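Below you'll find a set of structures to go through.
Two complexes are shown next, each including chain A; its partner changes from chain B in the first to chain C in the second.
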Partner chain A sequence: MTTDFITTTAQSGSNPWSYILPEISLGGLALLLLVFEIVFPKTLKRHIPTLSIIAQLGILVLTVCAAMRTRGNVSDYFYGMLANNTGAQFMRIFFVIVSILVHGLAMISLKKQRVPRTEFFHIVLVITAAMMLLAQAANFLMLFVALETVTVGFYILISYYRASPLSLEAGLKYLILGALSSGLLLFGIVLLYGVAGNPDIMSNIPLSEGGFRDPLGFERVFFGFTSGINPFLANTGLLLVLSGIAFKIGLVPFQIWIPDVYQGAPTPVTAFLSVGSKTAGFAVLLSLLRIIVFTPAAKVVVPFLVVMTFATIIFGNLAALTQHNVKRIMGLSGVSHAGFIMIGVLSMISVMSEEGYKSGLFTAIFVYLIAYALASFAVFGVMALVAGESDAEQELSDYHGLSKRSPFLAGVLAVGLGSLAGIPPLFGFMGKLLVFISAFQAGLYGMLAVAILGVVVSIYYYFGWLRAAFFQNWQTPTTPSDVPAHPADRIRVPVAMKALLAVLALASVFFGFYQKPVMDLLVLLRLA
Partner chain B sequence: MIIGLYHYIALAVTLFAIGFLGVLLRKNTLIIYMCLELMLVAATLALVAFSHHNGTVEGNVFVFFILTVAAAEVAVGLAIVVTLFRKRGTVDVAKLNALKN
Partner chain C sequence: MNPFPVDLLLLSIATPLAAALIIAFGAHKKLALFLAYIGFSVPALVAVYLVAKFAGAPQHHGYAFFTSYDMGLAAWGIKLTLGLNGISLGLFALAGIVGFAAGFYALQSGAERLKYYLLLLLVMQGGLMGVFASVDIFFFYFFHEFALIATFIMVGVWGGRDRNYAAMMMTIYLTLGAMLSLAGLIAIYIKSGAGTFDLIALRETIAAQPLSALVQKNIFGILMFGFGVLVSLFPLHSWAPLGYGAAPSSAAMLHAGVLKKFGLYGLIQIALPLLPSGAGHWAHILGVLALCNVIVIGFVTIAQSDLKQMIGYSSVMHMGYAFLGIAAMSTLGVGGVVIMMIGHGLSVALLFLLATSIHHRTQTFDMAEMGGLAKQAPVLAAFFVATTFASIGLPGFANFWGELTIFIALWGFSKWMTIAAVAGIIISAIYGLRSAARVFFGPQSATFAKVAAEHSPADLRWSERVPALVLLAALLLVGFWPKIITTPLNAHLNHAPYISQK
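Up next is the complex of A and B:
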């Protein structure tokens, strides 16, 4: 009986295990790292992160191959648990690259603390695999389990510097608010399940759409909405699910955790949260798009999203103005970036609801995500290098005179912050431009105005940071000389890190002038 | 009176609301934790009620996943709470405010 099951599974038409080979390899690699930690002699243990990066480069190739094979051919696999969602293949590649970059930052940052190291990389790999599955989820069960794997992994990573009360406090805050948002999401899923599972809607489901489907599957929930059974329960459920996603993305009013958690978390984890976790939230939003746009729920849900986007852009930029801690600045400016991406999503929703599904609508969002990731990692890389012993206390004043102490880091910082602020000709400008154009075409003029004001405000605080780095000199403390003179005096940039930062900065400049490679990638993935 | 679906849903919503308000209003981390668990249990109750009413089995399967996830969350969460208590000597969220600008 068991052999029968295995044979049929292995032979079943599309042989779906090969579609998630990258995720399986990441999970296997994560376990392998723990084995290495036990069996390797001490001299080899230092190289475990490097090994992990090399293995991930292999997995990246595997992911690209898997994405190429899956992109147009398969709609769903594993009996509707996973599907080839909009942008899913892009997200898979994106998350592997993010994981590699987080490894690079962690190799710098973990050296400054007395903490076990291999477990950190183990958890990063597990979270990455879960995010990749999350982007492909087509079933609320899959969505919930993958999302919780990501969230629980982040609880550990955020409180990873367990000798620091700040890191632990950030972990506790994320734990409470994260679990709260998971609770909201779960209750929303339950309400949707209740509506979609109603036997009365069976007559409305066309047989060509797969007929009997899991009542937790997105398809069936979609028909639950269109057949109009108990719209109150269904709309409440969808709003609760979106609240859970908004927590991940960091939309107002679910952004309250962001400044504290970003400040307390280790720098590589802050980078992972602000790029990886945020993008994972958008991936889920995109895979739920059909339910959001093409059902009667749109009348309730879209205004809700519009209000949140307005509030997010205004709040993120204004709150970042008064900060002195660079991690809090990155956190709050990340909130405003989430708002800008939401503008892209909303203009797409507005065009889609009138003209139906078109693949070219997504370009702006994905270009923005790439630009944001490149620039953020450049800035976080500099932060990881400049940070002192206390990872949570990185003030603007630490950057005074950076241009004289380390011109290279100051240059990378300038490119990264300039790209985040959207200064032409950097890549961040192209991202913003595309989002604004799509908002203009969709006729969202009010939102466009608020967004442009937001950009103006953001230039002020990003340049405050640059001013600290370029135009303010370091005042040596008058106290006796046991105080370290300047954080930058301690900086020794390893060659590999220097190369990585140079690549990130040059990519931000290069793609700003010449976007063809990015567009080619999107076309290849059928997204542009 | 026959106890039907909506009685169960009303009970689940009440429990969920108690849990939600508890998280927002209480100050002791452990009680907040209990309230978080209460929210998950309320969702589970609604899930089973829907599953029975609709005659679909997926809800019952989902319950096991929720229990597993909740267990993982508690394991990690209590570890963080214990370590934090050792460092700071308190688990009162009102006193845990070192992260401020």
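Up next is the complex of A and C:
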């Protein structure tokens, strides 16, 4: 094996290590940060996060190059461990950007607490690298290891504010439920291994190709499904694996951890969970799509997904209605957003099962993800700045008079929430529109009706938040104009953060009008 | 053809939006005011210019000033396609003129944090110009929604009584209506098989292969109720009086005067031509609901004592006439609806403007606490009485031609409905004249006498007169010379074989 590996590495022009150069550099950077923490004098230590961001910008360039190189040329590398899955290259770029944005939020948030800082960024980098590998996983072993790296990283990050009981509680909840879902996932993988590794089907397998060699490879599992041996075990296994993924995405009934964990976790981690971890779940779902759609398992699995999607949209929106804590609102509305993306996935599934694979099918999902990420980070950025001493207790009432205390933040909040609610001309609307069109094309009318009601309900809590920010504490005609009610409350926004938020908000507005750059990117990555 | 180096339709949309963007980036107050002047004037000038040039302009499938831009979703059949036809020309002009009046009224209003108020109003104005300039039905919807966040904040921050509740209620209702309409538009897009939102292509595809009766029935139903919420069709109207009652004057002017016409415009420009048999199926239900608008809401209007709420209800009532014109399902009815929309848009905007001016002088909207204002403010009184006449539908004003045409068209559809609708005129005469009498004539109430003693109410200032004059002049122009609207309208409707000729 080893010699075999070395010879291939030496011989081939397409060195598999070079494909995962971005992931390697992220891991290296993570280790380097720890070294810096020890070596640097105190004055320089402050700049470690900035250094990390600059290095990641370099890695971003590297990732884009790697993605461009990989997109159409290779199907799999590392003997079928990793593959160029649908959307994998998009996800890699996406995760690096998410990591940079999380760094930005953390630089604001961590300052307000007395906690060590460098370790936080270290873990974020490791998780990011793991997510990028997860998106390319083509083998259940790879999938599990990458997913566990992500989950273990989050165990630490969620309870990072160790002085806050809510943060610790959140960490514990995530630990227990995360371990449970990992257990389900692993059990599912074992069942699939049993099916795909069954000696009875060995005789029919073309052993030459990489993906087929290992009974844990997706190709081999796919083959196991189509060979029709013991469909009960196979379907159960797939359902268990999907439940592990549903935990990451936050689909009902695997969403119970979300409100408490989102509330207790530090704000940047909440953002990371709601954008990064959720998208990672979708990345895995997309890479398993072949097994879900083109095997007899579809008849069993797809109805489950349909019911879960219905429940997710309804639950997410109704549960968010009664919340007063903004982090819980973001968590529960994030649940409903996962439902909207699932509508896109399901309409894709139904079109694919009739007409086969077409690259244009994925556009809606990726546009939605981009819009969701842009808007979410704008809102989380505002939250990080508005938050007081206690990170877990960010109530709607903390936002009273925000339009006076900082018109800039109020404006960014309006754009971010409007985009999440899906109001034109903001980019979030485009995501919703494309998902609706896809659902219509697939004939999912019931789902469309629920989605429309979901949007109407969501207006109440998103605009309720805006109401808190704009309407309250405003009616003071006696005060002279332009003097805030509590001048001490004026929020100071660092210039870099101001620039970042302005870019996020403007991107939401600009892409709402003019989608060409986004579509060009998707076409470049062969996704539109 | 176009002597200017830019596409004028695009210019009229982009100018207010660009002005808003610059204000958002912290233009100081003087620059902000200057930009707002530009942002409100350019669309109005473009509108007037294009109305004048329309007759001679070369046409592309019935649309003059036609242009098309790819914004990135051409693969999905979405392109920013702009143009004006006989129906949209008048409404585009309406948007420009009412926007101009509302903007100028806001500029002199001295509202707290005027800069941000103007910003939101400019966003709304840009969207409104886009609604009626769009040939692509996706962008038609897209531009309409510009107003949603802007109105929410304007009502909530600068609004009057009950603004907190009104803002939320209005926004939820409007989102419901908008989402239903969006579903209907997507349904047309998918079911027609044209694969595009371009109205011209949709018409041609559907003319070649009409949709099945069942599909038409379902889609028209969705669109009717979706647009119905937006136009305050009975019984989905309750957001309108409440919202308009609470909204600051310029926002109410734009919303009631122009934005509300979106739903009616959608029905006559999109739903009727594309789904004729669906419309036939729903026509009677629509007619009955519209009559409820006229009669039931008419009586509710009489009972109002709050001036602004009364105007809000009267606008709901007049929407009933417009719906009746649509229910009549004839070329004549559609023509009547267009004139009605223009007349009503101008007159209701003027009424909201004058109501606020009255409020400045009496410090109240309660009509029971007013009286005798005509002595101190004769010009204001003259404006108000003239507008009330227009709103009732007296000859000489635009509304008259709209209502008359609708009644004639309706006679061919249902005789009893026509009689009931004509009776509605009496209702609007009752509340209209009574409100004029209670505000301007008769003895002063004790409360108003006290207010008047403290601040002697002055007559309309010039900064208020200019926007009011513009609106009144437009009303009279269309009233005395309806040809300015009807010539292009006739040309369009006569060449539109898709509406059943009656």
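The definition used in the following text is that the second predicted complex is superposed on the first by the 491 of 528 C-alpha atoms of A that agree within 3 Å, B and C clash if a C-alpha of one lies under 4 Å from a C-alpha of the other, contacts with A are read in each partner's own complex, and residues count from 1 in each chain.
To be clear about the criterion, contacts are C-beta pairs under 8 Å (C-beta built on N, C-alpha and C of every residue); 3 or more make two chains touch, one makes a residue touch a chain.
No experiment lies behind these values; they were computed from the predicted model shown.
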One more residue to check, A:322. First (chain B), second (chain C), both or neither? first
Under the stated touch criterion, which partner chain does A:199 make contact with: chain B (first), chain C (second), both, or neither? first
Taking the superposition as given, does A:423 touch the first partner, chain B, the second, chain C, both, or neither? second
When the two structures are overlaid on chain A, which partner does A:171 contact: first (chain B), second (chain C), both, or neither? first
Quick one: is A:156 in contact with chain B, with chain C, with both, or with neither? Answer first, second, both or neither. first
Is A:119 contacted by the first partner chain B, the second partner chain C, both or neither? neither
Quick check on the complex: what are the chain B residues that touch chain A? 9, 16, 19-20, 23, 29, 32, 36, 39-40, 42-43, 46-47, 50-51, 53-56, 58-59, 61-62, 65-66, 69, 72-73, 76-77, 80-81, 83-84, 87-88, 93, 96, 98-101
State the interface residues of chain C toward chain A in the complex, per the touch definition above. 24, 70-73, 75-76, 112-113, 116, 127, 138, 141-143, 145-146, 148-149, 152-153, 156-157, 163-164, 167-168, 171-172, 175-176, 179-180, 182-183, 186-187, 189-190
Which residues, counting only chain A, touch chain C once they are in their complex? 360, 363, 403, 407, 411, 414, 418, 423-425, 429-430, 433-434, 436-437, 440-441, 448, 452, 455-456, 459-460, 463-464, 466-467, 470-471, 474, 477, 481-482, 513-520, 528
Parts of chain A lying in touch with chain B, wherever the complex brings them together: 141, 144-145, 148, 152, 155-156, 159, 162, 165-166, 168-173, 175-176, 179-180, 182-183, 186-187, 189-191, 193-194, 197-199, 214-216, 259-260, 263-264, 322-325, 328, 392
